[in-house]
Every structure is written in C-alpha cells, then in structure tokens.
C-alpha cells in the first residue's frame, strides 16, 4: 500500500516522495518498507535507530527521525496507528484461493473446517468442530480435538495435542483511546507459533501478536483455561497449571513453572527454571532463576510462608 | 398461561378469579399480567408497591399484598418460584417457524447454524461452528468467529467482534434449595443484549438474565476468559481484562476498568471511571469514581501499596 | 497386551513367566491382570498390599514386591509408567464399529457429532456443534448445548444440562520428567462420570481420570469457567461458583460450596457441608465440615475478617 494512501486514510498531511509500505512494526523490529510509531517519548532512543521507512510521531519528536525515514506528524500517533492497522488487516476468512494441502494419513472430519491455503502435515487428526483458518499450518502427528479453533496464519508444530475449546490466534487486547473515552481497535496482524511437542488443555486462549509472533516454545505443557496475551514468548519445556495468565509481551525462560491461578503482568522477563507457586502475582522481572516464588506482591516462597506465620501471630495478639 | 394452571402445577391452593399470566419478574419490575415473589421479608416495601398481578409469598406477608394483586401463599415461595419458572421456559431449539432473515452482503458459513426467526444484519460474518439461536439478532458488520455460541433471544449490536469459544446467553446461576439440600433450577427466561461496537475475547461466558436483560453497553472491550453473571450491566466503554469476573446483578458505570483476574461480588454498583488493579476483589459498592482501587478486601491502590510496604517491614522484624 | 511386549516397548529387561496385562492402575486400586508402579518410597506400604500382577519399581523397592507380583525394575519407574501408558491409549476417534443408539424422542442436530458405540437416552437434546465421543453415554432428558464436547468413554446422567463450550473428558495434566527437563505424557486412560441432575455452566473444563474415573456426583450445580483436574470427586449437591478450580484427586464431601475464584490444591479431602468464601485457597484437608472458611492460606472466614481488620489498623499506624 502506498504511503500517500495510508496518510490520506488516517488523516495526516503528506506530500513527500511516495513509497510502498508492506506493514507495521515496532521501532526496534521494523524493516525497510514498514511503518512504525512513537507515542511515548521514553522510547525516543529506539526512534533514532529504527529501520522503518516511515514513522508516526508527535511534532516534538519529528526532529529525531533518522535520515531516510519519513515522519508522519500527528499529536495522537497511537490513535493514528490504530487507524493504520486496519488497513493491513486481512479478511477473517478467505473464500477463494488454493485448497488446503492435507498430508498422507491425516484424518479431517467432515464436520471440521480447513481454510484455503492451509497446510496439514502427515498423520494429523482434525476432529469434528475444529477450525483451521486459511494459511494456517499444522505439523505431522498433531491432534486437534473437537471444537478447537486455530485462526488464520497461525502455526502448530509436530506431535502437538490441542484439547477441545482452545483458541489459538484470537486478537490480542490492544486499543488506542480517544479523548472522549472511546476505544479504537489496533488490528492484530501478527500470528501465533506453537512449536513441536506442545500439549495444551481445554478452553485456553492464546492471542495472536499485534505485530510479529506470539510463541509457545518446544515441549511446553499447558493445563486448562490458561490465558496468553499477545506477543508473549513461553520458553521451552515450561509448565503452566490451570487458570494461570500471562499478560502481553511477557517472556518466560525455559522450564518455568506457573502454579494454578498464578499470573504475570505484561512486558516482563522471567529467568529460566523459575517456579511460581499457585496464585503468585508477578509484577516485576524475575532475574534470578532456579528459585520458587509466591505471593502477591511476589517474594520468595519461603518468605511468603514466613509472612503468613507472622500474620497468624498478629491475628492471635491483642 | 392461566394463574389457576400455574398454581396447580406448583402445588398451591387457588380458587380466586382466574387471569392470564405472561411471565415472571421481580416485585419492582413486574407489570400487570406478571407474577412475582417475596421470600425475604427485608424486601416487603417492594411488595407494597408492586404492579404484579399475583405474588408468591409466605402467610406472614400476605396481608401486605396490595389490592388487585393475588397472593399465592406458601411457606417456601422461592422454591415455588423455581417450579413456576419452568412453566415459562421456551424450547432450547425451535425446529419449526420462519427461517432466519439474512441481510445483504452477509456471509454465513455452511458449517454455522442460524436458528428459526433469527435476524442477521448486513455484512455480518458468521464463521464455521458459530451458533445463533432462534430469534437472536445480530447487527450490521458484526463478526462471530468460529465456535461462538449465541443462545436464543439474545441480541448483538453493530460492528461487534466476538472471538471464538465465547458463549452469549447461557443460563444464569440461580437455584432454590430444598430442606434436604437439593437445588431446584430457576429457569433463566431473560436474555443478553450486547450493544454496538463491543469486542469480546475468546472463551468468555455471558449469562442471560433470570428476568429481563443482561447488558454489555456500547463500546465495551472485553479480554479473554471473562465471566459475566446474570443481570449484570456493564457501562459503556468499560474495559475488562482477562480472567476477571462480574457476579450477578452488579452494575458498572461507564469507562470502568477491571484489571486481570479481578472480580466483583454480586448486586453492587460501581461509579463511572473507576479503575480496579489486577486481582482486586470488590465486595461493596464503589461510590467515588475516578480513582484506582486494589486489594482484597478493596482499598485505594496507593493504600494497598502502603500496606504491602508495611508487611514487608513486618516480615523483616523479629 | 503381553507383559513381555510392554517390557520390551518401554525398555526394561524381562524374562519371567509371561502374562496378559489389561491396563494400568495405582497400587491400591490395581487388580489382577493390571500393572502398577512405585516411584516414591513413601508409598511402599501400598506396594506390599497391591493386587497388581506386575509393578514398575526401583531396585531398592523390588524386595518388597509381594509374592505372585512381577517386579519390573528401573531407576525411573515413573518415566517408564508414562511410556507404558501410551500402549493402553485408545484412538481419539473410532471410524468403524456399531452406530450410536439414539433413544426415543431425542433430538440430535445434523451439525452435532455422535461417535461409534455411543448410547443416547430418551428425550435427549444434542445441539449443533456438540460432540459426543465414541462409547460415551448420555442419560435421558439431558441437554448438551451448542459446542459442548464430551470425549470418548465419558458418561453423563439423566436430566443434566451442560452449557456451551464446556469440555468433559479432556486429558488430565500428568507428565513424567526426564533428567533433561523434558516432559513425557502420561496417557489419561480413565474417564469422567457425571451423575444425574447435574447442571454445568459455560466453558468449564473437566479432565478425565488418569486411571479410573473423575466424578461429579448427583445434583451438583457448577457455574461458568470452572476447572476440574483429573480424578477429582465432587460430592453430591455441591455448588461451585464461577472461575473456581479443583486440582487433581481432591475429594469434596456432599453439599460443599466453593465461592467464585476459589481453588483447592490436589489430593485433599473436604468434609461435607463446608463452605468456602470467594477466593479461598485450600491447601490442606478440611476435616471439620459445616463451617465457612476463607483466605489464602485458609482460615475460618470470621478469622479472616478479623485479620483484615487488624491489617487495616496496621495500615493506619505509624
């Protein structure tokens, strides 16, 4: 899509040299031919190093846009990003295009749906009511139980088991806000990649990335009713017990264990081999792995037990 | 249905003048031609002002039934209400009646189901495995992703996006209890109305009202795995983050924000522009809006942070 | 399957007298013709009394294997159990065999799926998108709402109501772990039995047993988004409010009430007529029933209220 057309569609004046824009990404991740944005001046250092071909930014930041990158100036760049994101949003379902490729030995129920351009490996089982969106990929020997939904463009590895009701690739929760308190959708044009040997329980929700990819790495085991925000990255061989939740952009190292009903805030890093007790509430990075944490706010689990003992004494005191 | 037939079906003696009863509602909301009930004497003032044509009540309250309203006297009126509710419960699926109306430009997958008497607007997308119950209404430009369920009689506005696995209109959680500890279903004969421009994430559950309507107002944005009890009313432009829960009959004002895994008890009122931090537990009305609350029990978030700092000091003390 | 073939498949030397093995069970529950296992020496007393025909155990325990029971010795018996469990895992879907039996007056939507060998009672309603796995049984007058999934071999009683998106019989969350931190699936070859007069809300997850049966007893009422681990036993007439979770192998007595977002750890016993307030976290057996508990760690609810009052005073102090 031409940059001039984007600018016009989102209501920003533009009369520079036109160019073709292929998509949107963050300042750090954008490549040539992509557009990016800077709303919070805190990230201005990322602006200076961006490879994006154009950037939505406030007038105060426009001077820092690097040479060869076009500044699209507006005082609400995040809101303009939301409007632009819609322009790159694909159809939710494609009714034309190449039929799906189904590998040897695979079973696809007549009551399942496999979209255009999907690629199904060998010995895959897709049970009744399962949905595989267009251009999705399902690896060899994987089972999609009844009523699983895999949105378009998402990828599931080999030897995975996805239990009923689980949703892979629903939209991440991202909105810009108007001054009147309305919310404008940021279209979630990324995808989800689930690597090999992952098992996911029933009725989980795994959001697609806003840009790029949400990852569940090799060998993870996920229980029922677990929530994954957009752009999370769950390290290999991690274990997530029922009803826990990982907020957007958080990255777990390998072999992290999250107890039942535990949760993390967004944009955190958790060191490998960290264990969180049930109901843990993680609101900061965990830099030291190999330990067990608990409580909300989070502390080492043995500290939490000590605190509870002190509270029990407080309760008995006058 | 004739009042005499209802009385007979639920085992209450009745030999007054007969009349036609169209449904059941609360004392405050019932109109002429409806039946109501009083179990807890605390609400006796509502009895005196009711417009209901008949009331299930204990003998001790019968004297307060207003003129023109028939008292159906029983010492377990709530249990009798449960029995009566079944008489007004419609079929879960209708196999006869007018075919659904499908608006211009709409896509209804062959693997979706649209019930009798449903009304689908223009440019709607109903994806494979989605279910639209009989007499449900779906507004223009709305998307029902795969495996969404909309029960009968529910209404969804224009430009809504409902992600996979979400259930709109399941029965509210209401039972009367016998002296032996058994539970008798109160049939949930109300519906759900979702207004325009609402987005709802994956695998949410939104219960239909016992009487009347469960509302999700204009412009609300709901994340994944969120729970809505029957008869809640979610104010416009509210934002509910993943895994939070709103118990029955609670009313949120406009632009309320509920953090992840937060929850409210039932029958509460929350002032507009209130923000609840993640894991908040709301057990009382929030009368002062525009503030951020947290903790369980609930307090202002800055108080909660102060309390946690004090507990950290307590932990370090001898 | 021959014991020699099992031993070969899982890589354990065996040259004793061969015999036919019908399945796997715990030391306490195994019968003749079954294989069992001992990993944690804490349970060695169960080994001495087992009726299993063969036992996977470490060399240090082999001497305690009773006469007539064959020891299969390996230093990682739990990992070997995982490998053996796969040998007894049935197909996720059977495409051959006897057609389902459908009782008189039942409605099965053309858009539902009923597997081979299933038995559907009288006046059952199976709505669009519902899935009934092979050899499952559904009792008279039961309703499966749209997009409910009942995995193979599970049983649902009479007069049950299962709301949309609920999953009955997904795999329990059980894995053995290698020294490299990988997880090896323990196939969940048990089932779920839901007794008569149970109602289950939307988007719940009820895991099948690893061995034996997960039970939800007569007259239970379950709200939305509730989690049941494998091998739980929920006592009759219990009430579980939205978003609560019961971890594996926990047994609730009759008429237990679990408030919203409450949870139990695994392998617990809860006395009959116990009530847990919302957000309770149960980590030990509850031996005294008829009381109300709350908090995490758990205490009597009135103690929890007292503790919160003390904390409020602490907050106000210097």
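We call the chains A, B and C, going by the order they appear; numbering starts again at 1 in every chain.
Going forward, contacts are C-beta pairs under 8 Å (C-beta built on N, C-alpha and C of every residue); 3 or more make two chains touch, one makes a residue touch a chain.
All values reported here derive from a predicted model rather than from experimental measurement.
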item	value
Cα superposition of chain B on its sequence copy chain C - rotation in ° rounded to nearest 5	120
Homomeric contact chain A-chain B: same or different residue positions, threshold half	different
Averaged-CA centre spacing for the pair chain B and chain A, given as whole angstrom	31
Set of chain C residues in contact with two or more other chains	111, 129, 147, 165, 203, 225, 243, 261, 311, 314
Touch list for chain C against partner chain B, complex	107, 109, 111, 125, 127-129, 143, 145-147, 161, 163-165, 199, 201-203, 219, 221, 223-225, 237, 239, 241-243, 254-255, 260-261, 278-279, 308, 311, 314-315
Chain A-touching residues of chain C, taken from the complex the two chains share	92-93, 95, 111, 113, 129, 131, 133, 147, 149, 151, 165-167, 170-171, 173, 175, 181-183, 185, 203-205, 207, 225, 227, 229, 243, 245, 247, 261, 263, 265, 281, 296-297, 299, 303, 306-307, 310-311, 314
